[in-house]
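Take this structure first; my questions come after.
Chain IDs A, B, C and D follow the sequence of writing; residue 1 opens each chain.
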Amino acid sequence: MESTSTPERILRGIALTLVILFFMFPIFWIFMMSFQTNETILQIPPSLSFTPTLSNYMALITGKLTTAAGTLDIAFMGNLGNSVFLSTASVAVSLLLGVPAAYAFARHKFRGSEDIAFTLLSFRFAPPLLVLLPLTQYFQWLGLSDTYIGLIWVYQLICLPLILWIVRGYFEDISADVEYAYRIAGHSWFATFRKIALPLAGPGIAAAGLLAFIFAWNNFVFALVLASASKQPVTVGALAFVTSSGIQYGQIAAAIVLSIAPTLALALYAQRYLVEGLSLGAVKG
Amino acid sequence: MHEKEKDLIGAFLRGQVDRRALLKGLGALGMTAGSAGTLFNMMSTQALAADFDWKAHSGKSLKLLLNKHPYADAMIANLQTFKDLTGINVTYDVFPEDVYFDKVTAALSSGSSEYDAFMTGAYMTWTYGPAGWITDLKEWINDPAKTNPNYAWDDFLPGVKNSCAWNGRPGGELGSDDAKQWCIPWAFEQNNITYNREMFDKAGVGVPKNIDDMISVAAKLQKDISGIYGIGLRGSRSWATIHPGFLSGYANFNEKDLAVSADGKLSAAMNTAGSKAYHSKFVQLIQESGPKDWSTYTWYQVGTDLGAGASAMIFDADCLGYFMNGGDNKMAGKLSYAAFAANPEATASTPNIWIWSLAMSNFSKDKDATWYFLQWASGPEHALFGATKMDFVDPVRQSIWKDEVFRNKLNTSYPGFVEMFDASAAGASIKFTPQPLFFDVTTEWAATLQKMVAKEVPVDEGLDQLAESINRQLKEAGLG
Amino acid sequence: MTTLQLQNITKRYKSQAVLDDLTLDVADGETLVLFGPSGAGKTVLLRLIAGVIEPDAGKIVIGGEDMTEVDAEHRGIGMAFQNFALFPHMNAFDNIASPLEANRSSAAGIREGVEKVAKLLKIDHVLSHRPKALSNGQKQRTALARALAGSPPVLLLDDPLRNVDAKLRFEMRLELPRLLAKQGATVIYVTQDYKEAMALGDRIAVMSQGRIRQIGTPEDIYNTPADIDIARLFGDPTINLLTVIPKKDASGVYVELSNVRVPLPSMPESVVGKECVLGLRPETIVFTEPSAQGAIPVTVEAETPLNEKTVTLLLTARGREILLSRPAGTPGPSSGPAAIAVNGAAAFLFDKESGARIATPATTTNRNGEAA
Amino acid sequence: MASVTTARKAPSGFRISKKALPYVLSLPALLVCIGILIPFFTAVINSFQRYRLSQPWARQFNWGENYLNFFTDPSFWNTLRVSLTYAGLTVVLELLLGLGIALLLQKRSAFNNFVSIMLLMPLMIAPALAALMWKLMTNPGFGILSYFASLVGLDNFRWASSPDTALLTVVLVDIWVYTPFIMILLLAGLRSLPTQPFEAAALDGVPRTFVFFRITLPMLTPYILTATLFRLLDSIQQFDIIYAMTQGGPGDTLTVFQVEAYLNFFQSTNVGRSAALLIILWAITYLLSNIFIKNWLRLRERARGEA
């Protein structure tokens, strides 16, 4: 890397700028929109000259939305809370179940291990609608419809396979000898798992957890069909701004900004793990 | 307290004093509008209670599934009145319109007993009814023990009321004698023209008289006024594209979606010569003066564009135009309304209608109590509250349309709305043939329209293909 | 008493036997060196003993107790890995302390134990460093310290000097026997370096292809190698191997090298006429006067000083290469024609076909007293 | 005999036998998911029935008829074609782009780390909402992207509303949303590669392209496979973006499996056809993932064999 020539550095710079432009511009635009009302958002041609207003955020936070057809109650903050709770709980359950399983698949080649692993993965690629529709009926019978437990259970379809397969890779990358050494030093398999495998795969687990969190956070269809208004996450709830008297783009933009915030904060906090620590050089070195 | 006022309001509610006299009288007594409102609510509760045992189900609890809509908001705003009146507790889930019907389907198809009543459109009951998810309400409407004497079922606009009744036979006539009342109309939409007065004046055009006129007016508007397009129309791949302006104009030419044979078999009727001619014109209208990305247009984009001044007119629901004339829309106050008859030979407009209605879930645990809610929510008192205090347009009760306060409100802020309504109300009804494949037919119809607009297929050929495909599906389902 | 017995151990990977019906006894306090080429199954054997992998068949008995089914942590074993296998997220102190922690020693006890072994191995100044910050030598010592820290009755050392530089290896080779003796543990030491094996082993077990080919004291292995491979593996420079067909006359069995008769006094007569390989250790060959009795004419091709030895490459009249080793500083020709004398009594004779050494009556008794 | 003092801890308390341990570890995860299998079987049964919610009386087993009908149904073949095209396009483009970005950000620095987190932001917006925003940005009047397009002379670029560009537009949104996913996995992979081969190659003056194709890429392959697998399976099942942007239109341009099945169930309430479509989708994903996993396992095996 040190020997990169100047033209190459310039090319890389241009490429990176283009990438940042493409991926960040819509974000920037949404961010700008969140400070505008529909009146300035819906200009022809679009323009950046506007007087910023906090009304969108106020509406979201106070739960009162003023539209052409009067004032509406919205439950955005409640939705946000649901999203945080559902995603966190789902990922927590997935980690609790998935990490030991990933460890088993990585360390023990047991009878049927690949079959079980594949079956678990296959839950991820079952089309959500396929299971979702009959599931509504079963949930009805089981009394699980419109419960957090039911939702968290279904969210395992999204989180668990992802965590399982990513974490499994990280466990496999840990030298088996390191774990053997700890076992031989007189520690039980559980102590070895806790003191050696978990810390060493920690960055991978954090990264997989964050990705699973994002996917759970972004889920739409499960939440829509299985949750009532009181348990709705942001993804479904934000559609409330698509009112019959017009789409409240400003509020949707503000809702997006607010809904990115927790995940982004988490990602920034876990940055070390996510990109720096994620590399297993530390383990192999 | 306020004995005189109570007498006056009581007289109004008993029909002895008209509304204007009431307000005058209250004004004379020194009541402010606000306190009059409170008193009014209190008194209406008393008036309702007078002749009917509203407390029969006191202590029970109901749950509603509602669409995020001004009608639902109006009801929620008035819900306390119902609770006070009956002692029934009511909770509700509100879902955004984009996903509302999917949520209803999910809840009902799983046999969920969570919801007792829900909002629906008449088209949907063609699925829900035969599926056994909703209850025929005739039994309750006709039972004097269960329905309060002031309910006035006859007060409902006949065309609207009948559009919510179907005998369940594919192709069966709506509102026939053996029809089941699957839902109670709440408020409805006629599909007519809402236009931007300023733009029409600027371009020097008048309200289009028929489809050919519409084509040229829209084109002229688009040419003369920069940055706008002529006419807002829905175009997404959905039934919602077919049912507003498009079908209203179509029906004006006496064209049908399906033909019903003597033995009750259905067949596609979109490939007649008349239909092809209308399709050609409509496609031309979209191509020349419709929104550039028409094929993604739903209710929202059509409304947003009109409100933001990006389109000069819409051929869509009158209440969409109504909403866009208020709030923080840029064009608020600049919109006007007009009935539209696409067929030059037609005497009047024949709009297809969308009816927001209330239906009772067949899985409800207490249907009698649920009916109490339904009759209150569709009753004359709430209808008046909604129409005068909230945005409950278009009301389904004839008495509301006669109400001076309501007509005045429309005439001051919504020019032409009342005339538009009066001109087309007689011809307003559901123009679709009721049958369980409604959504298959309309979705495919919309997709075909999209192909024709994109010039992927000529109109003739497209319609023949459509008819062929629909006939095949009808046969497959045992209907054709 | 911590003896170690492996009884009929078999381990297969994908139907290929890595260890094939292997039986081995190690005495209490003994240092047994497992010597053999890579892929011989040495590391697998160590892991089986440690209990991190399981045998397909056979029994592992440690200290008289059947440990075959016992988990690794309950076997009382210390092990140092060839790749060190240090815990990368712990500093050297915690690495070394890990077996002590498992014993539930007190914090003070742990500190004392770690510092003692660290001092012994001269790494007490780097205890706070993580493995990443340690030099290779320090890593190796840390790994060794970790294995020793718990004073395990059985110590398994898997080629611990493989990945360190020559200087350190030399030092450690001198240092380790003292250390291991101090520990008093039963040790199994794996190596591919014959000098290490010779220097450290009370006994050496030579392995190849999942079997033990020969087991004995270093002297046994060197002086009476079981077969041609073992003879080749031990000794530097390597043994000279010449294909011959022994003959016999009145004075006994002999072979002819460059038409010179070399008597093999202790060889049985059964070898006569059979194609054999004659093994001559380079240090058993000496330069001599061309005129001397039994002198074989050769040409000196090259001469290389090798530490304390001088190695000379010779060509026989028939063009066969022979290495001769003599102590450095002793006189000898460095080029041109010369003559050598071969001590037939010290020569080995191997069966050409099987590679097995043809036993001489004199040495047979020696080899049988293996574990005595 | 110091060794004897080392007390060997006797096995005590509750112990899980060595053979059972892996099952004990993995079964809870399996059990939690297995409940999902029951609805799966219900769906299989439904797919063999003539079953419309709006005609409950006509519900009966028609065995393979739902499937057989697909053979003669042009809309099914269209669905298959569109789904595969969409999945292929998005995965290939996202992979190339993701790999490119990962290479740009490979060097460890605070700036690169920050950028990589920022680039994750599109992934944090629910696709359903992201699509709504893109719809606004591509609106011909108010849309900033349409405005940009008009600045470069694309005055009548119709984005998702024209059959010619609808696929590209949705693919673009998909790329915007999901490339960060691939980028972050590959970045992690790149940074975890051992440094020795690269240092050696640099010392020997091996050309960079050669290093990339012969060292980097092969070593990165397990990561590429993981990323591709997850992306491919999600992409072939795409619903949120397409449904929110075009509902499958214009015409039948974007009627991918899940959109078609969703409409079949929720609008037409044709449960039988909907289930049959989804079962076919499931079969395709099963096949694809099988191929992937086999390769993935083989590569991992090999990678570990070399290590």
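List of remarks:
Note that a residue touches a chain if its C-beta (ideal position, glycine included) is under 8 Å from a C-beta of that chain, and two chains touch if they have at least 3 such contacts.
These figures come from a predicted structure and were not determined experimentally.
Separation of chain A from chain D in touch steps, taking the shortest path, is 1.
Common neighbours of chain A and chain B, listed by label, are D. Distance from the centre of chain C peaks at B, each centre being the average of the chain's Cα atoms. With A-C and B-D as the two chain pairs, more C-beta contacts join B-D. Centre-to-centre separation between chain A and chain C, using Cα means, comes to 57 Å.
Per-chain Cα centroids separate chain B from chain C by 95 Å. For the pair chain B and chain D, the distance between mean C-alpha positions equals 41 Å.
Within chain D, contacts with two or more other chains are made by residues 9, 141-142, 265. Looking at chain B, one finds that residues 102, 106, 109, 227, 301, 308, 310 touch two or more other chains.
Annotation for chain A: residues touching 2 or more other chains are 42, 44-45, 133, 137, 186, 189, 239, 242, 247.
By the touch criterion stated above, chain C contacts chain A in their complex at residues 47, 50-52, 71-75, 77-79, 81, 83, 85-89, 98-99, 101-103, 131-132, 146, 150.
For chain D in complex with chain B, the residues that touch the partner chain are 52-56, 58, 69, 135, 138-142, 156, 158-163, 166, 245-252, 263, 265-270. Taken together, the chain A residues at the contact with chain B in this complex read 37-39, 42, 44-45, 66-70, 72-73, 133, 136-137, 139-140, 145-146, 224-226, 228-230, 236, 239-247.
Of all the residues in chain B, the ones that touch chain D in their complex are 101-102, 105-106, 109, 126-127, 130-132, 227, 229, 235-239, 291-296, 301, 305, 308, 310, 436-437, 439-440, 443, 446-448, 450-451, 453-454, 456, 476-478. Chain contact summary for the complex, chain A toward chain D: residues 1, 3, 12, 15-16, 19-20, 22-24, 26-27, 29-30, 41-46, 93, 97-98, 100-101, 103-105, 107-108, 110, 113-114, 116-135, 137-138, 153-154, 156-157, 160, 162, 164-166, 169, 172-173, 186, 189, 207, 211, 214, 217-221, 234-235, 238-239, 242, 247, 249, 252-253, 255-256, 259-260, 263-264, 267-268, 271, 274-276, 278-281, 284.
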